[in-house]
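Note that the chains are named A, B and C in the order they appear, and that numbering of residues resets to 1 at the start of each chain.
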Amino acid sequence: MAAPIAPPPTVPRTAPDTNRYLLDREKFLGPIMLLPAVIYIVALVGVPLVIAIAYAFSDVTVGDQSIDWVGLKNFRNSWGNAAFQKALKNSLIFTFVTQALVMILGNILALVLASDFKGKRLVRFLILLPWATPVALVAVGWWWIFSPPYSALDYILREIGALGPGGWWSNDNNAYWLALPDRAQFSVVLVQVWRVLPLATVILLAGLTAIPQDVREAANLDGAGYMRQLVWIRLPLLAPIMLVAFLFGTVFVFSDMIIVYIMTRGQPNDATQVIPHLAFMRGVQSGDLASGASVAVFLFPVLAGVAALMLRTARRAETS
Amino acid sequence: MATVETRKLTKEFTGHAGEGVFAVNGIDLAIKDGEFMVLLGPSGCGKTTLLRMIGGLEHPTSGDILIGDHIVNDLPPRARSIAMVFQSYALYPHLNVYNNIAFPLRAAKMPREEQKKQIEWAAGILGIEELLKRKPRQLSGGQRQRVALARAIVRHPNVFLLDEPLSNLDAQRRASARDELQQFQRRIGTTTIYVTHDQVEAMGMGDRIAVIDKGSIRQIGTPEEIYDEPADTFVATFLGSPPMNLVKRDDEILGFRPEHFFPASQAGSTDDLVPLQFTPLREEYLGAERLVYGDVDGVRAIARFPSTTHLEIEAGHKVDFAVRRQHLKRFDIETGLRRYGAG
Amino acid sequence: MSSQLQPIAPPPIESGPGISYNPRTARAKRIGARAALYSTAMFFVIFAAMPFAWMILTIFKQNADLYQQPMQKSPFSFWGELNQPPTLENLRFLLWDTNYLVFVKNSLVVGFFTVVITLLLAMPAAYALTRLSGGWGESLGIAIFLVYLIPPTLLFLPMTRIISELNLKNSIWSLVVVYPTFTIPFCTWLLMGFFKSIPWDVEEQAMIDGYSRFGAIIRAVLPLSVPGILTVIVFSFTLSLHEFVYSLAFVTSTANKTISTGVTTELIRGDIYFWQALMAASVLVAIPIAILYNLFLDRFIAGFTLGAVKG
């Protein structure tokens, strides 16, 4: 048997202090660490949310800040109002059309980025630009692209013979993208698609790359071709993540007022008016807080629905 | 150095349906000063929870933990004068080996000069002087284990707690690590509690073994006691590879080790033989030995022979086998507990 | 020893085509797939990046080159027969003759304090939710994350009231107070993912080695969370630069505007648009943010996917 090891002489160690170790106690430390964030969120999100709903049932204005109960009056006023009706319809249609396009294009683009090719990193960076850039600033860029008479888009259309005298689409020199109702709506949706597509794509891409290699290899060995694998393996496995991408996009598009504010201000004739922008116009620009709030609360059902679906998705992810 | 004792130690967790689940259920354990105690059991038996309670990482639901005759229930880990080596070794990935070993010394606010002396001492014992500048990710599994041990001994703890420290090593490296670790413990003489699910480690290293199942201790004893005189059918089948054969006979269960089960024709004297009918089905040749799988009274049984033994048996045909009486263990058919005395 | 086992025979396959493989058509298919891949990628790149290309081009255009009526020469060129060479005059104008640098400074100040407040509140909360809370931590974490989805467009009216009660109207500090309402929820969620990936062993080892629970967090957990903390810094900073609605609602004086509102409201005067300066103002901010964002993209996405993607 080997000789025992003698430890080198040590300096006396400090005796363990036996006070009640406050910073060791999880029951104490947990709430202390959590509370600041929770208090902050309750005070600056929870309380405003309640006030927002209270405003909607009151007659509060910038001039008269006292909240007097008026029941459903604001909603009745809104409901019969043409601008509101257009805004609600536009919000729903813009969101739906945008999301339908984004899901189709996002899946295609994610499949492209999931394959290996030269310059993929650069492609990914360029495709991400619209999402990474402040919305207000890129909306200004698009505004410039659409605005006559120096519209770059119109120039291209003239060059390919679509616009201008004798053009196969229109004889005008410009398409007046933001001045004609249907073209303005098209422009708003186009910019929304352009902005949200990158987010959906990278979420879907994360889902695609998470499909285990062995599942794909097994499918290869079983003789499944690209389309068969896509339809039977990749897309079904991707379904939960598609829902996540869809839900985020829905929230971002439905609650956005920036693109409309900068490009059209809801014009022409409320053709591009949307709920959040109308709420802003009434609440901030006209100073009618109650009316603005009663419009804004129409965002609530959609957001609540999205939140419920998200909770369900997260729960499933947790238990799987 | 210190003794470690647990008294009626219990840990209850809340299960999925909100019901209480006992991870550790009233364990009494007394570990002597300088002893190498192995806690052995299948995964989920509560052995790691027991170790973590001794280390202060879990708070017991009831019962007491004593280290060096002091109740330490309410002391945090740092006040217990223990060192622990985790299964993963839990080296701090952002610190090099020197700073990993220095970590507990800095916590104790030891002067730098003294730290250096202690670290050199610990590194010397474990032969890792050359590795002091490396980061953990640049080390092999065996080297990581040594660093973890160096970090454990550097502040001269009263007790070592080791949680399956060899399970991340490959089989070859594990055998030599086992040897090193035991040598090291013998030389340094610190009370050690070692958790494992590997019976070979338990048998090879422990002064004593506590076999644990479902939160309770089934048997405590030296490796010989545990192997030769198992207290119940769980211990009998958990230790030994292949495990003890268990055959129902009348109102009790007979247990016998595969190496004690042989053809009656090969027995020298016959006066203490218990005959059993064995139907061999399949044979495994393992180099130094061969295992014959078959059944006795319709129950699976295994016989083990040195490769040098010549056997004349044919698959599917009954053969007269036997076990010597002193090798036959009897267990209660209801409780599985050992029945002692003549039968 | 001999064994007496029945061999297993599969049932015979009655009909159906086997798998056919023709090397030549397979090769043609591969080339076709490759071409489709590149052209699709190209299409999307043009769609995503064209507006930026046009914006960048605009910055260097001389007035006479840009505002031609009717447009006869290509606006996309500098060296055409009728084009004029690029100029830096527009950049000079933006930086020295407008309030752009004031907006940039305001944005940086707001961004900095938003990041600090976010870190101070989100880090302890995320840690508590992952480590100290038992089963309900994950659920509460998701609840906090959902707060991120409540948009400014729903809250800005009561927020305006709160801000004026706090006497912060028309001040950049109003934004410092409000921006963490959307950065904290998302960053708490992001950090929870990070803390979960740090092995408990390391933390417990630090406690065994002589630190209190709190000490172990500082000594062992924080150094390992540096990537997570960086992610949170970048994310909350970019989010605060992106924000528009609160800034538009709270701040009306030029001197206190941030980039996103300052550029879009102050650089446009009546009918006279300084398009080149406007584009420069956008691009100068947009491109650095995009690069920063891209570096941390994978981590943001891990947060966005709600754990529905593992690995």
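Keep this in mind: contacts are C-beta pairs under 8 Å (C-beta built on N, C-alpha and C of every residue); 3 or more make two chains touch, one makes a residue touch a chain.
This structure is a prediction, so every number in the text was calculated from the model and none was measured.
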Along touching chains only, what is the step distance from chain B to chain C? 1
Could you say which chain's mean Cα position falls nearest to the mean Cα position of the entire protein shown? C
Using mean CA coordinates as chain centres, what's the chain B-chain C distance in Å? 52
With centres defined as the mean C-alpha position, give me the chain A-chain B separation in Å. 55
Express in whole angstrom the distance between the two chain centres, defined as the mean CA positions of chain A and chain C. 11
Residues touching two or more other chains, restricted to chain B: which are they? 76, 78, 108, 155
Mind pulling the chain A residues that touch 2 or more other chains? 21, 24
Can you list every residue of chain C that touches 2 or more other chains, as numbers and ranges? 207, 212-213, 215
Chain A residues within the chain C interface of the complex: 21, 23-26, 29-34, 36-38, 40-41, 44-45, 47-49, 51-52, 55, 65, 105, 108-109, 112-113, 115, 117, 123-142, 144-145, 149-150, 152, 155, 158, 173, 194, 197-199, 202-203, 205-207, 210, 223, 226, 240-241, 244, 248, 251, 255-258, 261-262, 275-276, 279-280, 283-284, 289, 292-293, 296-297, 299-300, 303, 306-307, 310-311, 313-314, 316-318
Quick check on the complex: what are the chain C residues that touch chain B? 1-4, 199, 201-202, 204-213, 215, 219-220, 223-224
In their complex, what parts of chain C are in touch with chain A? 19, 33-34, 37-38, 40-41, 44-45, 47-49, 51-52, 54-55, 58, 66-67, 69-71, 74-76, 120-122, 124-125, 127-129, 132-133, 138, 142, 144, 146-147, 149-162, 177-178, 180-181, 184-185, 188, 207, 212-215, 238, 241-242, 244-245, 248-249, 259-261, 263-264, 275, 278-279, 281-282, 285-287, 289-294, 297-298, 301-302, 304-311
Chain B to chain C touching residues, read off their complex: 55-57, 76-78, 82-84, 86-88, 90-94, 103-104, 107-108, 151, 155, 280-283, 292, 313-316
